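Look at the two complexes coming up: subunit A is in both, with subunit B in one and subunit C in the other.
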Partner chain A sequence: MTIHLLNDYCTNGFKIEFVDMIYLVSIFLGILTIVNRNPIVSVLFLIGLFVNVAGLLILVGYNFIGLAYILVYVGAVSILFLFILMLINIRISELLNETNNDIPLAVLTVLLFFYIIGQVLPTNLTDNTIVSTLSNTFSDERNTELHNDFFNLRDLKQQIDYASSHGWDNSLIEPTHIASIGNIMYTSYSMWLIVSSIILLLGMVGAIVITIKQK
Partner chain B sequence: MISLISIIEGLLLIVPALLSVAFVTIAERKTMASMQRRLGPNAVGYYGLLQAFADALKLLLKEYVAPTQANIILFFLGPMITLIFSLLGYLVVPFGSGLFVSDYSLGMLYMLAVSSLATYGILLAGWSANSKYAFLGSLRSTAQLISYELILSSVIVLVILLTGNLNMITIIESQRIVDFLLPLFPLFIIFFIGSIAETNRAPFDLAEAESELVSGFMTEHSASIFVFFFLAEYASIILICVLNSILFLGGYLCIIPVDFLISILNTVFSIDNSILEELFSNVSSSPLNLALKTGLLIFIFIWVRASFPRIRFDQLMSVCWTVLLPLVIAYVVLLPCIVYGLDALPTQILL
Partner chain C sequence: MLLSSIFCLLLSNAISFRRDTAILYSRVGIIILFYCIYLSYNNLFITYLDSGIGLFGGLFYTSSITQFFHILIFTISLLILNMTGFYPRKLISSSYLSLHRLLFTKVKFDNENKSINDLLLKKGEQYTIIEYTLMLLFIITGSLLLISSSDLVSIFLSIELQSYGLYLLCTMYRNSESSTSAGLTYFLLGGLASCFILLGIALIYANLGVTYLDSFYVINNLAGIFNEQDITTYIPYCLLLIAIGLLFKISAAPFHFWSPDVYDGIPTIVTTFVAIIAKISILTLLLQLVHYTNSIYITTQYSWTTSLLVSSLLSLVIGTVLGLTQFRIKRLFAYSTISHLGFMLLALTINSVESIQSFIFYLVQYSLSNLNAFILLVAIGYSLFGYEDKNVHHNKLIDRNNSPIQLISQLKGYFHINSLLALSLAITLFSFAGIPPLMGFFAKQMVFSAALQEGFVFLTLIGVLTSVISAVYYLFIVKTMFFSEHSYTKITYLYKKLFLGIPALVLQNNKVIDNIQFNNKPSLSSSLSITISILTLVILLFMFMPNEWLHMSNILAIVLFVPSGM
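Let's turn to the complex of A and B:
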């Protein structure tokens, strides 16, 4: 029986600890983005953060969202950011501003966020993550574990925890996320698509109206 | 074992890609030489075939010089980023039927994303060198790449409208009846112009306009990191030619109409076609087809470089935004109407 339940994270996706490591790296990159004095270097760390998050999304199985993240945020928005930052001349006095007194506020915000999120999310499946164990130490009320004599879920937990959708059944038939999103967006929710496209059009026309020269 | 195989796969892809880069440089020099009635490189190896390796060896042995005021980390990171991201695109290219490293369901999107990341290398290299020529070159190059990427991605959207899938193999296989060159010929010309501009080649090579900026964004780079830029430029040329032939010329599909020829031979000469069919089925989707199409497109790249004078930067930008982009947008409106009117929308095959 136990032979069939080997941990094969080489072929079957990634263990959830890898995802935790990516979380830690992205937190590190986010801190570096804020701390750095040189705006261009700080935007570079922001790009690193974007790439990291996109990698996380692709690892977890959201291929399309991850690639769209790279394409839109990294490939277009951040390049324009960098482009404009390189063109404008930033005064030294702004770079020497003391920003360290905001750090306690940031830490407090993050802790509050994780406290609330950790209480809301179901904790049974994500028991192994560092974040959820941290938040569970503060609050025990939602942490109800399934104890049952017939099927002992605690033993099976190790096998459930692969944080990827690279299961064997997915290679038989796998509708891509882009097809699923398209099927929903162009049928049931077409009204919202039209509304959002009108908002985009308004944005474009607004930008043109602002920059046009009045005679 | 699995990791070993994946390493070998990667090497089997990257080493031929770099070798082809080396030979494309020689091909360019020889072709331009014969177009300008010169001999070109002819000393190293037969007909100068090994010239590229001699050049690379010379550049690798040279001392590297970095400007004192440069941001050293970014100065060396820029060329590496450019080279890595121009080589990453080869991952999803199908070279023959069943010959691929990754059969990724979002291959086209992956290629777009990776090619948009290669801009960072140029931007960083130009900024970190702390020289105004390099900086101006990188700004020009980035503006050009951002503008022309818009055209390329819109054309790709139109091709995907006809294939109904982002997978590279599906894009190729849906051209079995007719190459997309026939229904989308104007778009192919726009895409080709866009890809010449996207790879910073003459007549759009304003990023390294020698007469205005010394050598563009790589003015300060020398020795081995210059080799990185050089390899990246030619690797992206080959990749975008491969992309052109996949999108419009049918990728690895055969150039010769095999079935037609076999049926003619059958009816006219009444030949036993079992051997012929064996032969043609091997030829019909061999990597040689892709190689021929790509080689032809690379030759056109070199031909264009030898023929046309460089245009001004404002002309380049106005061509992109006021000529090519409205054309492509008109096509984006027109083509779905035609496809919908003919009831020719591709069926979704979920496999």
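Let's turn to the complex of A and C:
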């Protein structure tokens, strides 16, 4: 993954600072989502958060997951939230209860979660995502380390130019995420598609069954 | 095949306008299940089945054990569909008993007789939901896929298919408020459990990069040999997370709190299905997981199956102790299920040939006797037609149409109303308690002997003690049924009407050939009584020919332990 970041840095001016900016903005939006008293505004901030995270994912290179984020979370779930909130018409005064007592609990939960997950996650993931979110300087050090010790930057640049130039054979060498996922899902894992389609069918039938007007 | 039948049923459901044909759909479902049993029985004779055959590129697999549990699930759901496939009460007339008349003539009651409809319960809510069979078939598909899945993602997908169906089934009786709220509880907690399972799967994938269970087992066991602490320290935790999710779904002890509420809220007919089918499929999956990850080569201090033992201990204690305070019968059954799950988890975790054998036997016998207990509950509710309860308290229960028997005190003195049903229920309860000549005793004894052989003395002692304590509440039900005065009186005007007889015409080729009177007492329909009698006799007479059952579970356990190549 570090290599990947490095590649983008060399070729298209990707800077690690952008990622940190996005991190900061999403933390900010997350806090706003919780703090805000008005549920509609809160959901709007949530949508902003989702868009932000999707942008981050696309920037890092997970195109498909980023697009799916926008489609599923922003396009469907949050809009549904928004509509329901507008329809059920909650009075804001009812929501104005004190939640300050829960703050220590929230902090404790978050710390515990990070501790446990940090234990269980494999080392290469923890090093690169969670730690580098927390410290910007550390990741910079890491990048320079890579420059000096392992790679000759100029050679790498040439190689990358060769690999990702806009030739016609580009699509043969590196298919996009969507293409490769589709390729796998429709060949060796087609059974999963069938099972999930049955689940969707059940969901549709169920929604009709429990809402249909019986005589 | 099951799938194509589902689609046919779905199509016909979609185009049918009449709600009262639900009974025919149940019968179609019974036929579908019959040929599914035939197909999976045929599949038992495939070569190499004993070592397991991967299907669909290794995403699913089939082996003798999966086929056996498929047949078990089909049979049980067949018997459950039997409850909605026929009207609960019937009329007998001695002049209409000859075979010739039965085959070639039709009975027609004079116009729409209200008392007939009441008597046959034609307008009961379970006979107006035509999608019931469809949901059942969806759930069965999910549990079949779950039993034979050999990939982490397939496990998740099939669990979701099964659970969505169950949530929908719970909320399907829309007119009853309690079943809707119970369905919502079930949905929320089931969703939480799915989150745990998904987290465990994601962590396994993040650590090892595999989703195939086969490769996962290989990595797991090899890592034990090389004593590579890096991997073996966190694999058990991932498996523990998955196990927590699965225990949630079968409502084993630390995660049991939803099941009494849900079982009590939903109609008894649905409870029968929800309580049995989900447990069979998930326990079979756990059997596979425990057997292949509980390797002797793993030398780390912590094995995830220890936590299953903890869950087993808690289930035994909580199931019996909390069961003592219950006065609603379905809550009591839920707690008794929890304590029996303790036994099954104990047998599962020991993982020797004998214990797996006892596990399989326990699962089969418990499913059958639990099924019998619930069918009896339904039948008792039906058989109280024409009686009026003097106890005002009983008449104020909510949701009386869907689950007529809710309190234990409603069974008071039932022996004096219908002694055969009361006797059957007593036999089933004795089998739950483990009274010697019945089937439950042998299952418990096998579990205990397997546990003692592997040195689990403490858990065996706990098991014996809790089994004695749980006998208290089973015996309490028996006591209330046999040794109290009942509070029911016959409704006089209804009986006067019945005594006069219900007139009916016998038709042949649309011509009236006879005029008969159904003047006998309405009796329980033969579909219910035959099912109950067969199941009760199986429980009662098991000791006279135990060989078939024991050999079956023995062979399955040996097949699991000895690969065919050896």
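One rule holds for everything that comes next: the second predicted complex is superposed on the first by the 137 of 215 C-alpha atoms of A that agree within 3 Å, B and C clash if a C-alpha of one lies under 4 Å from a C-alpha of the other, contacts with A are read in each partner's own complex, and residues count from 1 in each chain.
Criterion: contacts are C-beta pairs under 8 Å (C-beta built on N, C-alpha and C of every residue); 3 or more make two chains touch, one makes a residue touch a chain.
These figures come from a predicted structure and were not determined experimentally.
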Touched partner set for A:191, first subunit B, second subunit C, both or neither: second
Which of subunit B and subunit C A:68 touches, first, second, both or neither: first
Partner chain(s) touched by A:83 [first = subunit B, second = subunit C, both, neither]: first
Which of subunit B and subunit C A:105 touches, first, second, both or neither: neither
Which superposed partner A:204 touches (first subunit B, second subunit C, both, neither): neither
Contacts of A:178 with subunit B and subunit C, given as first, second, both or neither: first
Subunit A - residues contacting subunit C, complex: 119-122, 125, 188-192, 195-196, 198-199, 201-203, 205-206, 209-210, 214-215
Contact set on subunit B toward subunit A in their complex: 2-3, 74, 105-106, 109-110, 112-113, 116-117, 119-120, 123-124, 127, 135, 139, 142-143, 146, 149, 166, 348, 350-351
Subunit C - residues contacting subunit A, complex: 3, 10, 19, 56-57, 59-60, 128, 131, 134-135, 138, 141, 145, 153-154, 157-158, 160-161, 164-165, 167-168, 171-172, 174, 203, 206-207, 234, 237-238
Contacting residues of subunit A [partner subunit B, same complex]: 10-11, 40, 44, 47, 63-64, 67-68, 70-71, 74-76, 79-80, 82-83, 86-87, 173-176, 178-179
